[in-house]
Structure formats: C-alpha cells, structure tokens
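I have a structure I would like to understand better, so I am pasting it below and will then ask my questions one at a time.
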Amino acid sequence: MRILLFGIVKDIVGVDKLDIKLDIPKNVGDLKKYLVKKYPELGNLSSLAIALNNEYATEEMKLTIQDEIAIIPPVSGG
Amino acid sequence: MRILLFGIVKDIVGVDKLDIKLDIPKNVGDLKKYLVKKYPELGNLSSLAIALNNEYATEEMKLTIQDEIAIIPPVSGG
Amino acid sequence: MEINIKIVKQIDTSIVYQSLSHQESGGVCVFIGSVRNLTNKQIVNKLFFEAYESMAVLEMEKIVKVAFEKWDLQKVIMHHAVGEKKIGEPVVLVGASSAHRESCFQACRFLIDTLKENVPIWKKEFFENNEVWVTPHP
Amino acid sequence: MEINIKIVKQIDTSIVYQSLSHQESGGVCVFIGSVRNLTNKQIVNKLFFEAYESMAVLEMEKIVKVAFEKWDLQKVIMHHAVGEKKIGEPVVLVGASSAHRESCFQACRFLIDTLKENVPIWKKEFFENNEVWVTPHP
C-alpha cells in the first residue's frame, strides 16, 4: 500500500512515499493510528487528514491497494 | 459670476458654462433658488449640489466672483 | 502610504499588481468596474463618462485618505476613465494592499462605494433609441 | 459559467481583467496574495509552496462550484503558484465577475478563505536561521 506524503509529514517521515507491506490498515482510522504509532511526531500536528483518491476521507472509509492514498497535514496555501 | 455645468444640468440649461451678470446670488442657497426658478427642470433632479472651489458647499456659504462655482447633479461614476 | 489617483482616457488593468504590491503586504484586493450590456433589461450600446476633473481628483484624495485612516494599508490605487466606453471596457479601477487580507478587502469595497457616492463623475447610457444621464438615487 | 483553475510556476497578474471581464458583468473583484517580508516580526527571506496537485485542482473546482451556486457570477479564476517565491511575488490569484459588485466581492472573499482552509497546498517559510512548514491553525 503506497502512501503519498507532503509538507511537514514528508520531513518527519523522511521520504515522500511510504510503502506499507505488512499489517496493512483496513480503513482510514487504522491508517492514522498506524502512522502516529510509527512516527509519534505526527501526533503533534494540529490536524492529520487522509485523502483517498483525491478526496478528504472519513475515519471509517475502507482502504484498498488500488486507492491513491495521501496524508494531508494542516494546509497553508494562499 | 461664472458657473460650470455638468451632465444632465448641461443638457437642461443647454450650455456648459453660465454667466450670471445681474442679481448675483449672495450664497449657495440663493444660487440654487435662482437656478431652479430659471430652469424649473432642475427641480426634478433627485439632488442638486453646488461645489465651491472644488468642494461640496453648504447652503449658507457666501459666493464671490473669484470663486470657482459648479453645479453637481446626482453623480453616477464607477 | 503610497497613493495613485488618476482620471484617464483608458484604464490600464495590467498594472494592478505592480502598482499595489509591497514587501509588507500579504495581499491586494482590486475592483474593476466595467460596462454591462444591460440596464433594467434594456440593451446598452455604449457609455459616456464626464468628470469635473479638478474636483473629482480632490474627492478621490479625500476618500483615499479616509481609507488610510480606517485600515492599515500600504498602497491604494484609484483610476477612473472618461469619454466613450464600449461594452466590456473597464471604467474604474480601485484597490489596496495590506499585511492581512481583511483590511484590503474592506478598504477596496469602501473605495468603490464612496467613489460612487461622492466623486463628481457622470455616466450617460446610450440605448437603441435614446440616451440617458444615469441618476442612481432616484 | 466560465472557470479558470490552475496550479502554476508563476502567477501572471496581467491577465486578470481579460480572464474575468464579461459583457454581462458590471465588475470584477480580485484578490492577489503575495509574499510578505515579515511573519510574527521575523524576517522572511523566501517561501516555498508544495501542492498535491491532482487533489488541489479538484478541491479548487469544488470551491468554485459552490461559489457559482451561492452567487450570480459570470466567470471565476483561481490560480496558485508552487515552488520558490521571493518577497513581493504573487502566490495566489482568485477573482470573480458579476453583474453587481456585491456578488463579486463576496465571492472573491469566499474563494480565498475557502482555498486557505481546504486546498492541499503547503507553505514553508525560510527565515535567517531556520525553515518552518506553516501550520495556520495551531
């Protein structure tokens, strides 16, 4: 399961793409828990959203390997 | 006493400058009365302001021949 | 406090950003008024603008000064066109720059609203069969 | 209903009027955000913008659609820059045209406010001795 990283998340994790091969999270909520456990600094962000196929996703949404998944730290455009 | 005319006032009076030689109005209020009496159509306008030396003038302000006087019908810029 | 006030034959909209941007500004807000093809469902062919120029510039300066007093701005621009204007042509350009966007939005709105109330400029609308000096507060 | 959405290397501010003017529009309102030289009194040397482009464009489209639902608009523009930006450079351009100015002012404000809340774009500020990803809602 490949995950796109941006902004501060990319700096924290140290890469711009994550590839999860074992214990693949079933839904968005699980993915968030997985990430914060593995990279505790992510827990300090004021928000941490997940995008599923270019849309903001809710916690209970299911994940599949075909999905384009991205971690969205607090946005600061404009 | 020369008076500058603009917009609809210019059309009503038929010229772009008025020159009053007799019975010269003493103040702004008198000038307005003079104008509306001579050109009754001016009385139909929603407003009729007088500018004295490029500033909006109040009714009691005195007029002299040295002043730059202008009639300001309702403005519609922008 | 930089002020750019003009009565012009032709509004140049391309200079908006270079006229307003400033190193202390986080943004600029601009309003450009243009000639619409309809007034009260009547087809407008063209407009004509006349200004009492010396007074118009003074009134514009007053408005801009008030804007600088009310909001924390870096630069303000206020240009108005005179003469004949066709559909789609710009006739007025106002704008402001400020550190935070709230101020430039409020100032820009104030600039155009107050210009329309106070500045001695008159618009004539040319319809198919007649022409009318516009009187916005009947 | 004409929509002009882009993620660009360089914002072109000169096209604002030709992109938004419309024969049914009485005016256009535009906001251009730029790089300020100060953040919380610290000197900023430059900014860097990163976008999740495919999603950013989709989010921008959603915002513009909502704007067309809420107000009677002719055209809307929404451009955002990515990459390195120096002090004074434009980084975002939003605007709308409408028959009456109330609508384009409100829509323009909505466009920039909602862009800042929802669109996946991130800004890094470069100060003298450090660099920080901006997190606007701490």
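A, B, C and D are the chain letters, set down in written order, and residue numbers restart from 1 in every chain.
Everything that follows uses one rule, which is that a residue touches a chain if its C-beta (ideal position, glycine included) is under 8 Å from a C-beta of that chain, and two chains touch if they have at least 3 such contacts.
Please read all numbers here as calculations on a predicted model, not as lab measurements.
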Most remote chain, CA-based centroid, reference being subunit D: B
Distance between the centres, which are taken as Cα means, of subunit D and subunit B, whole angstrom: 48
CA centroid of subunit A to CA centroid of subunit D, Å: 26
Chain centre separation (subunit A, subunit B; CA means) in Å: 72
Sequence positions of subunit D contacting 2 or more other chains: 33, 112
Where subunit A touches two or more other chains at once, by residue number: none
Pairwise chain contacts under the document criterion: A-D, B-C, C-D
Residues of subunit B defined as touching subunit C within the complex: 4, 6-8, 11, 45-47, 51, 54-56, 68, 70, 72-78
Residues on subunit D engaged by subunit C in the complex (per definition of touch): 13-14, 16-18, 21-34, 36-38, 87-88, 90, 99, 101, 104-105, 108-109, 112
Touch list for subunit D against partner subunit A, complex: 33, 49-52, 54-56, 58, 80, 91-92, 112, 115-124, 133-138
